[in-house]
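Dropping the structure in here first, questions after.
Chain naming follows the written order as A, B, C and D, and within any one chain the residues start at number 1.
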Amino acid sequence: MFHNVFGKRETVLRLSSGDTIITSTADAHGFDSQMREVAQRPNPLTGPFFVDGAQPGDTLAVDLEKITPNRREGWSSNSIDPSIVDPSFAGALPEKEYVQWQVDAKGRRLILRDQGWKHARLQLPMEPMLGCIGVAPKEGQLLSSMTSAEHGGNMDWRGCREGTRVYLPVFEEGALLYIGDGHAVQSDGEIGGTGVEISMTVRLSVHLLKQKKITWPRAEDSICIYTIGNARPLFQALQHATTEMIRWLADEFQLDTISASILMSQCVRYELANVFDPAYSAVCKLEKTYLSNSGVLD
Amino acid sequence: MFHNVFGKRETVLRLSSGDTIITSTADAHGFDSQMREVAQRPNPLTGPFFVDGAQPGDTLAVDLEKITPNRREGWSSNSIDPSIVDPSFAGALPEKEYVQWQVDAKGRRLILRDQGWKHARLQLPMEPMLGCIGVAPKEGQLLSSMTSAEHGGNMDWRGCREGTRVYLPVFEEGALLYIGDGHAVQSDGEIGGTGVEISMTVRLSVHLLKQKKITWPRAEDSICIYTIGNARPLFQALQHATTEMIRWLADEFQLDTISASILMSQCVRYELANVFDPAYSAVCKLEKTYLSNSGVLD
Amino acid sequence: MFHNVFGKRETVLRLSSGDTIITSTADAHGFDSQMREVAQRPNPLTGPFFVDGAQPGDTLAVDLEKITPNRREGWSSNSIDPSIVDPSFAGALPEKEYVQWQVDAKGRRLILRDQGWKHARLQLPMEPMLGCIGVAPKEGQLLSSMTSAEHGGNMDWRGCREGTRVYLPVFEEGALLYIGDGHAVQSDGEIGGTGVEISMTVRLSVHLLKQKKITWPRAEDSICIYTIGNARPLFQALQHATTEMIRWLADEFQLDTISASILMSQCVRYELANVFDPAYSAVCKLEKTYLSNSGVLD
Amino acid sequence: MFHNVFGKRETVLRLSSGDTIITSTADAHGFDSQMREVAQRPNPLTGPFFVDGAQPGDTLAVDLEKITPNRREGWSSNSIDPSIVDPSFAGALPEKEYVQWQVDAKGRRLILRDQGWKHARLQLPMEPMLGCIGVAPKEGQLLSSMTSAEHGGNMDWRGCREGTRVYLPVFEEGALLYIGDGHAVQSDGEIGGTGVEISMTVRLSVHLLKQKKITWPRAEDSICIYTIGNARPLFQALQHATTEMIRWLADEFQLDTISASILMSQCVRYELANVFDPAYSAVCKLEKTYLSNSGVLD
């Protein structure tokens, strides 16, 4: 069972806080590990997973423990999207076609098959990630798996990889978690409109944070904390992410607005997750070293 | 002699391609290494340096060899700029004031003096950079040292640091290089509207690339190549940088548009240099490893 | 029965092409003609009306024949939204409160009650319109009555007034028409975030255009044809509307792209419907005189 | 003598407040009434006119009394600019070429010559206007005649026509007024990148308003008052214009911010002057009837 919207749909599995699951995702065109077409385009989602006890106003933490391509073939676009270059240059871009990549699982590399590439061989390191992760959106909406908003969605953020914990605001009973749209690798911005699209085996665990309210998705890994804004224009996505970081520093690190401003004005970094989807995704990040008691913030 | 515009002004020094100079910059408010007010706000520029033989259609390469704060005191804003948060949050930001930082040159650290900071002590690693670097702009314009365009300018890019070579398109005879606006450290985006502002001693060398035409500033260091777009909205800056990267891959690395698209769609990263100045600056970057003959692109 | 989303919901009435109905709308806060709270915020919608025979790929034409405030009291915001002024000016705006307006139905005027207005009396001519008109959106989504997209929605366009025919693309069987959010008057852009909000009695008729495919909402009245783009940023809304106008001139007026370009480049006008909602709405319009056989286009 | 920048250049004529002049402008490619190439591209400017006594902080009012095409031939682009349509549609636009128009001065009409137009004959009513009007910009800059800012410039606003008074903020001694870039007609937005470009004879008078400080250009005619914001993105141009209207209502009509908000939220209209030039121009307007003592604001 796959869905092409985030929102209230029949539960596929009930989870309790702390549970770990192993599941799989089809690729963005609906093909699974056996290259069978098992779901409809675009971006079929695995889920929803109902988390017992989750209520609007809570936060769902999702630990991405393992994200592994489960077949040998991925595909990507051969062209940067025309929206992402100067309008006067758009005409010089190729007609969009798909190119194929072979997975060298052992070497954790992707090898471009020969179409359209003038050089002998292009090999890239694999960096598996999930393009889609989200819960049911606010206001009873059903939102397409092509877009993103406060609930997460198709953020196409490279940071949704092994070792990352993603925090999502809960808007519906049970949260209703969905995942999908695995990429074996992807640029910042997903400027081709695709990563190397592939089906995945995913192990994740969920943790319910009761009465913990966040406005936009947050994340952390061993190095950084992250806030994610999803909107157009790009600058608005950045405003959302920046504002959410101020809130986070207040919520959990006891920094008033001046202190957060002083720190952030010298130390934040931004990542552009996607600049292709109907909502763009910008990420504000801060190294945890600035938040520890080890002589920096003490 | 300082200037507050980029453009045709009386030359301070004539250089030949290959020359190295050591010079200094005043801080953004016009104060020098002795805390004397030697120049007018905003962003007084050191220059212009006339490069013999430079003609429109050439490119000027500037190697930033050494950028060193030359005094013990820097200053920064205490507030994120209201334009960079959600409009509904802007009212919660502090009134803009300046806070002072002490330079620990030996430890290469900055220590916040106590105003406005609720915690005992904030120390940040120093990462000196130049907010302003540019040549005379196109079409005979004089453009304020607050903004940026094809000629460079106030890009406030963290990458303008030691070890970076910056490439600027030449629009006027002699190129007319200016530098200024040193920051001891700065976030991505310069979201406070300032870095830690300080006067600098700068060693740089210039190299003239005759009949080498570029459209937007480029740069490289030992790890990456970079293209920089300067514009509002942010997305347009990104379009300029992305388009210039396609051009660079064609110019010097023999990648046709399809090959460049395939590579860039999986491998580029973006940096947001500034999202505060009248023109925002977005940077597209690509690791050199993808451009070498060492098994990746061969 | 009211809804706060556009999409598949239980039909309130089945219509055939050509049918006329008289119905009513609650105001944006859910109050009806008797000032009873009959529906939930925000923007409760009347509908859906199922149009027999409507299939994806068809177009639904809706003639707005009569839009009449059906009570004596309306309300509006007392403040321009902070997003719509310079960020540095946002702090000078008042705290948002509501002010009341009295309807002089006979004189077709609105009279501001005295709160917050320093002058003796403000009277405005009434120009009743519907903020919300739309059908079920594409891709099986349920979209909030706060936003708009290809299906119409909360476009807050002053042109949704008596005498206008609105064309909407059909995405679901039966089209599923909804209306709501009446304004007795409203600025361009809905810059206060509200018009003068009021419940309405509405007479409209529907006409099904089989196998007539449009991409964005269109409209016409006795003077002009209109195309409407809904998106952020504002410029993208304008791109959608402009592109749809080129398509319309090709579809129905036999103008190739060059001819459409020549005509539009000298003759189109734009209206800004809203610059407040999650998607902004821009309108491209062209006087019918340029499309007639009367000596202009012949 | 023509210039391609706004800023400090040698004065062509000194005027006193109240003086009227009759002058002429070359077309955007530098051709005059005799079709002689008398100036360089782009947008050669007539001026600067030095206004005695004008100082930074004053306002210069310019009455556009007469704007008359002074030859029989105009030209325009045959294509909407690719930046103004959906990126995916840009490839369908024609290669940019110029088409010619004949001036029927008596009938005040423009007649398209046959190139590229599939229909028998396109005639448009003439609405002569000036694309460029401005003074020397702030901060000692020289700004290209292709762009606009606080000083005016290439705003390409249809409202710069006979009967309009334009107000410009003075940044340099003498104000240094320039005009140019006449259009016999033009769409909203100048979406083709040109109007019908033609040389003009212009009669205007200047009036100096001492110690009257405005931030952005303003204008008025017999019907409306107007404020003009020049910036990218479009939304920022609109923010500037909206904010300047609030200031104007405070300055001269004694409306506090709440009163201005209430009035503007129901009554302002917007015009898009240009969405093509490096800075876009948005116009906020308000009918004078709302500002009179005749029962509306009393």
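Points to keep in mind about this one:
Rule of thumb we're sticking to: contacts are C-beta pairs under 8 Å (C-beta built on N, C-alpha and C of every residue); 3 or more make two chains touch, one makes a residue touch a chain.
All values reported here derive from a predicted model rather than from experimental measurement.
Of the two interfaces, B-C and C-D, the higher number of touching C-beta pairs belongs to C-D.
Centroid analysis (C-alpha atoms only) places A farthest from subunit D. Rounded to a whole number, the gap between the C-alpha centres of subunit B and subunit D is 34 angstrom. For the pair subunit B and subunit C, the distance between C-alpha centroids works out to 46 Å.
With centres defined as mean CA coordinates, subunit D is found 31 Å away from subunit C.
Of all residues in subunit D, those touching 2 or more other chains are 87, 233, listed in ascending order.
Across the complex, subunit A is touched by residues 4-5, 7, 139-144, 146, 231-233, 236 of subunit C. Looking at the complex, you find that subunit A touches subunit B at residues 76-80, 84-87, 89, 92-94, 99, 110, 112, 116-124, 185-196, 233-235, 238-240, 242-243, 246, 254-272, 275, 280, 290, 295-298. Contact residues of subunit C toward subunit B in the complex are 81-83, 87-88, 90-91, 233.
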